[in-house]
Amino acid sequence: MTDRLTTLRKTIENVLPNVEGVLALRIGPGGITAPHLFSKEHSEELDKLALWPKEPVPDTLKIILRAHPDAKLAIVCRGCEERGIVEMFKHSQLNLDNLTLIGLQCEQDEAEFCRCAKPFTVHSKLTVGEPIEGVPDPLTAKIEAMSQPEKQAFWKQEFEHCIKCYGCRNICPQCFCNICALEDETWVETGRLPMPNPSMYHMVRAMHMTAKCVACRECEETCPADIPMAVHFRLIARDVREMFNYEPGASMDQKPPQLLVLEEGEYERSGLPH
Amino acid sequence: MSDYIFYPGCSMESSAKAYYESVMAVCKPLGIGLKEIEDWNCCGATEYLSLDITPAYALIARNLALAEEQANGNKTIIAPCSACYLNLAKADHYMHDDKAFGNKINEALAAGGMHYTPGKLAVRHLLDVIINEVGLDKVKENVVKPLAGLRIAPYLGCMLPRPDYGKRYSDTEHPDELDRLLSALGAEVIDFPLKTHCCGGHMTQIGPDTAFEMIHRLISSADALNTDVIVTVCPMCQMNLDAFQGQMNNHFKTNFKIPVLFFTQLMGIAFGEKAESLGFGSEFVSAAEAISRVRVQAPKPAEDAPVAKKKTPGLPMPPLRTKTDHTQEAGR
Amino acid sequence: MYEPKIIGFLCNWCSYRGADTAGMARMKYPPNVKIIRVPCSGRISPELVLRSFREGADGVILLGCHIGDCHYATGNHRTAKRMPVLKKLMEYTGIEPERLYINWVSAAEGEKFTTVIKEFTETISALPPFVETMK
Amino acid sequence: MKSKKKPQERVGVYICHCGSNIAGVVNVEDVSTWAGKELEKEGVVVARDYKFMCSSLGQELIEKDIKEQGLTRVVVAACSPHLHEPTFRNACSRAGVNPYLFEMTNIREQDSWVTTDKLEATKKAKSLVSAAVGRVVYQKPLESLFVPIDPNVLVVGGGVTGIQAALEIANSGQHVYLVEREPSIGGHMAQFDKTFPTLDCSACILTPKMFDAGNHKNITMLTWSEVEKVEGYIGNFTVTIRKRARFIEESLCTGCGVCWEKCPKKVVDDVFEAGLGYRKAVYTPFPQAVPKYPVIDHENCTYFQKGTCKACEKFCPTGAIKFDQQDEILTVKVGNIILATGYDLFDARKIPNYGYGRLPNVFTSLEFERMTNAAGPTMGKVVLRDGVTQPKSVAVIHCVGSRDKNYHNYCSSICCMQSLKFAHLVKEKTGGDVYQFYIDMRTPGKSYDEFYQKIIHEGVNMIRGKVAEIIEGEGGLIVQAEDTLVGKQRRIPVDMVILSAGLESRADAKEVAQKFGISCSADDWFIERHPKLDPVATMTDGVFVAGACQGPKDIPASVAQGAAAAARVLSIIGQGEIEIEAATAMVDEITCVGCKQCVASCPYQAIQFLEEKGKAYVQEALCKGCGTCVGTCLPKSITLKHFTDEQIVAEMIGAMRVMKSFEMTEVA
Amino acid sequence: MTDVVSVLDPHTSHTKREDSILLREVSLRTPGESHVDMCIQCGTCGGSCPSGSAMDHTPRAIFAMLRAGMRDDVLNSNTPWMCVSCYFCTVRCPQNIHITDVMYTLKNMSLEARKPTMPVASPPPTAWGLKNSSIDPKKYNPTAADFSKTFIWMVENFGRSFEIGLAGVHNVRHFITRLPNMTPMAIGMLTKKGMSPLPPKRIKGMDQLGKILQRAKELESS
């Protein structure tokens, strides 16, 4: 850990003179780790530079950019966060010319904590740490192995705990709409808790995450009811990869498949009738 | 030196020893390392398929399974015999193409504790590897005794260019791979129109009259083109054209004497190897006279020179299709 | 035995006309399906399908022009890419994915339309009512 | 947060008996009474049933209620909207209700005709009416958009199809830009000598048309030119055309021909002469070329390649040679476009067993056409490749590259007749033996089978069997095939073989289709709007296809299509302006987050991204109203007018509510 | 229609259903997608075949006979046995029919129809349309089938084949009159090529191969 921290600090110090600020984690007052914008004016703050626990840096970036769309920044991002930034770029939500990516490679225990399949960056020119292999996700496998009634019971129980705090949406780097479909009563029923089953809220959200979710698991982390909603996203991401050969955040110019016409073989893989 | 998995096939042990010896002699200077599959079995030729399809494919697949076991990182099987090449390639193709069929064959293999993953290995003929992997430049580097003055009819037979599951040859009926190789050896290559016609196959055994007709067609056509040597890439073709040439002559009351050699034998000569080490002398129609010409570099007798066709101005011909045409077509 | 409630989203150009063709030929099929006409199957967002279930539909059937024959050239290509994902999501959430069915029916295929509706109604009848499974 | 209040509207509901078509199965009185009572809270103020709603009396009923009862919305439950939606929309319109405030539900084709049980049919009718009522209150008045039509027309391709289309339009007084890639118009037909089945001379019937087109005051002829870019939509296309440098000053050239007489450079002409003859580096493809001006072939001109020569310039009596001429880029505005880009001949060299390109005396159909042409390289003599010997026997092979999964799957439709014509010409010119090798003889046109009979009578040998291979032997060629009617293999020695090569789409058909916003079939033929009922229109309004670019066709069919496309265009021009689909998509700029996903998903590229605003924008004239973008937009910022989410949801709720209520009563 | 056919020739009476069964059986027994049902009777195969002149029916005719359900005639035909596997027909066929592979299937079926386990005298399964089977165990090309069998006997016992033994055994059985003509060749084989008249050494995995082939045979018949 120390090793990566030192290298990271060095990297940030090198980058700082060329940008208006570097977005990374800092141990704040009360020992709480949170995203912080380090600036060259206050480089002493780098003493408080932190790596873990993971906090939603792209989400903070989203907020900063809303106020200062032309800010020239650098950001320390892990594999998932980098993918999030790529997807935001692909959805025209930020300008990568103004953004320097500092890739932070996760370590084994971190990857296991996140059940992460890709705990490494691929686009960042500057990187800190050594990339490691991904780990399998036991929870996703467990849920997938359930029978249909078991799945139904499992999710019914999980969704019953949802208090519709919108926390999962708010923290998601991919939820950048001004007005959210989840707040439209055409789709999501209002004024009822627990929400009626099936949960329109969670299913609509899962559909919106198709070809967008970068598997950062911030939603699960932030959820006060501990709903493992990213399981849906991960399973669907796998299907999308198999059917349409698309992976969110993997490439800068590949468009989400559901926007495009069928390519050869895609129809056959979609499972639709011939 | 690149290593390849080597499947020699039964003929190489018996009737085509000349092929075996010459293959070994030319692969070395070309940097082709051959690792023979241990305990390979017969590919079944065309006969087992005729009797019982599933066992026939299982028989072939045992070789593929052995090759996969012994692959040691290599991905290509070289089979110098066209029939073996096609059988191995075909089994791999159908096991890959037809999942249910692949599973059935693997079920049979499982009875012997074996398994083959369809598509895992590429099955290729030695000619294809020399042209497309080693390259003609490397061949030319090794030529010390160009085959100048030797008129050769390149003869491929059927099973190499057809059905060509791997799309490795320039054409299914008039491929130019062997022509280019022989030209690189310095020989005078005849545009042999029947280069992929049938040698008679097993018809020599089951319907000799039909077989003699096919052999006659090939030999007489080669003779009409003033051929010194017919070059083959397959033991079966060589056997039918060479060993049965005499019987065919009896049948048709003709007296053709065209030696039929393996392409590797001529490569060996051009590479400066000794003829004895290349299996010369085992052919029925002696090639000694033809080869002696190259050895001494004697100019060809005037009367043997090919009769040039009289040229009249005439109408222009369409240009022949080029490699670019093929690529463009594939792109469409 | 309950009467399943089925919502059918049909594109205006092929499938809706296919249903008309079935009618003109007086082919019979169960009355459970209520057809909603949309310009193109590509118009149907996953939200609309989910909302149908939420409203108590036991099954949703989505019919469009055959791939390659779309009145809007490639509108149905998007359907063919969105809806399989929704079916997967339903599966992962414990909803029988067969409650959502996608197929292609041209204006001439009255018979296919009838068969598709019959088979789908049978499939849905074999499942418990959706509301009950969600209780 | 969006919150919705239900609109207060006065809805009239009309249930049609359609004689006994509906009333025989559905209890229509019950439905109308039920609607009047149960749907009152949904806004229904009038509910009636009537024998024939589509009759003038039925329509008057609606109009009267609108005026007297102050209806703001109308629902008719009757037959398919594809039949009578326009009828009732007009009725509403006449009474002052916007036509888009009308909704029709189908209780005939999708209820009474397909349901056996009368009770079930009535229940279904009720839920369909409820759905329509639920929806109609959310409907919004829409106004159709009209755009004026630019009367100028672009015709691409100067073959017989394009010439026909251009002449039809020009004769009606409208202006046509005729764009042709080659130096002269005329196309493939100009290469032929005789045409089947009448055997009249191709040039005799084509050249007058070419001349007319070349001298028409309403036709701007742009040969040696290609379309580079097309922008806009029906009525308002802007087309960019590259007029390649001819290196000839057209205003000075008299077409006297001295330049090509003096030009020292001879090249094989693989376009017009199909590779069988020669032309000079400065040339017109044939003597009757229109326009008469030659072009200098840059790749072969000695001056351009080596820097010296200029023989043409020296001898040109009017000083028309301009070596420094540059390509010109023209921009023209047109309202409609006709594509008549024609076909390419299948490259017979792809079939190795037929030996074309290897065996000198194997010819393609186009080579043979040139050979028989009196103005062709052999002056009309049928000879072998040596240019002298007349063949004593000729084989004609059908289906070369057609009806063959290895090459083209389709039937090229002209080859049978063309091959029979060849047989006749060989007989006529050489008296030799002719062998026709065919798979199936297809002669379905007017007087076509009679032609077949005539050819048989001339003593042509017909062999039913696809030729397996052609080899050299016995002093000529040997054609090997199975005579399938005998069931035996035959080897027939001949002197000459003619391959009736199939027609294929132009090599650049895909690019052209993309340029004009239309689609191609799997074989790259342009796709028409409807194969039977709209054969020359395309899915892109204002772009029409005619002739062989849409699929293999003979001359009569091509000419008919050229004229048909012209008629379609003239009918649009006659309207002066054109109505654009009112049910288009619309972006809510407040909620749009500028993610550009809709831009990529639109099949018509109708969505623009306004960079300065960071918002998407739908160009209404381009939008066809499919709604694919709506299904894509995550914040639901795009609405498709007349098919909004709230309308569809209301329709769904309306249907479900009734179905659920029946369930309850049955349980009770 | 069926009735008309049966009146004409009781031996070829087939219902329409049975016709398609024969075609389907051939299709199912051929690995991959054989497209055998797609024949347009153009005759490219018959024209291309180097041994076409020795066949009693051209391959094209065989496909028409398959379609007509003429099971006995097809399985009695020498056509598949004359096939030299040159694949000209396969690559040239405009309908992409895997003709050579279909020929292998027909050879299999032809032999199977003569197996002692499938007595031709007693009524065979009607499902295959063999109501009045006229399969004649002698009426097929025994030379070709026996050559295959001799070859396979060798492979199944040694794992490898050897031509001289094979040709010797085969020719003694079938072309005894030709032997004098062939003697120089046989001698040549031994002298010039240095071939051994003895069978090859058995491969090591003979047991394993035996098991694999046994299992494959079970799978084939199941």
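Quick notes on this structure:
For clarity, chains are labelled A, B, C, D and E in written order, and residue numbers in each chain start from 1.
Note that contacts are C-beta pairs under 8 Å (C-beta built on N, C-alpha and C of every residue); 3 or more make two chains touch, one makes a residue touch a chain.
These figures come from a predicted structure and were not determined experimentally.
Here the chain-to-chain distance from subunit B to subunit C, counted in touching steps, is 2. Listed by label, the chains touching subunit A and subunit B alike are D. In terms of Cα centroid distance from the overall Cα mean, chain D ranks first. Of all chain pairs, the one joined by the greatest number of contacting C-beta pairs is B-E. At the far end from subunit A, in terms of centres built from Cα atoms, lies E. A centroid comparison over C-alpha atoms places B as the chain most distant from subunit C. Averaged C-alpha coordinates put the centre of subunit A at 63 Å from the centre of subunit E. Averaged C-alpha coordinates put the centre of subunit A at 47 Å from the centre of subunit D. Subunit A and subunit C have centres, each the mean of its CA atoms, that are 34 Å apart.
Contacts with at least two other chains are made by residues 46-47, 51, 74, 78, 82 of subunit C.
Residue positions of subunit D with contacts to 2 or more other chains are 353, 469, 601, 632, 636, 645, 649. Shared interface positions of subunit B, i.e. residues touching 2 or more other chains, are given as 172-173. Two chains count as a pair here when they touch; such pairs are A-C, A-D, B-D, B-E, C-D, D-E. By the touch criterion given at the top, residues 29-33, 50-51, 53-54, 80-82, 84-88, 90-91, 98, 100, 104-105, 107-108, 111, 141, 143-145, 147-149, 151-152, 154-155, 159-164, 167, 170-171, 174-175, 178, 181-182, 184-185, 188-189, 192-196, 200, 203-205, 208-209, 211-217, 219-220 of subunit E touch subunit B in their complex. Only residues 1-4, 590-597, 600-601, 614, 632, 634-637, 645-646, 649 of subunit D touch subunit A when the two sit together in their complex. Note for the complex: subunit E touches subunit D at residues 40-49, 52-53, 57-58, 60-61, 88, 91-92, 94-96. Of all the residues in subunit C, the ones that touch subunit D in their complex are 2-3, 5, 7, 16-17, 19-20, 22-24, 26-29, 31, 34-40, 42-48, 51-52, 55-57, 70-75, 78-79, 82, 114.
The touching residues of subunit A, counted against subunit D in their complex, run 91-93, 176-181, 183-186, 208, 255-256, 258-260.
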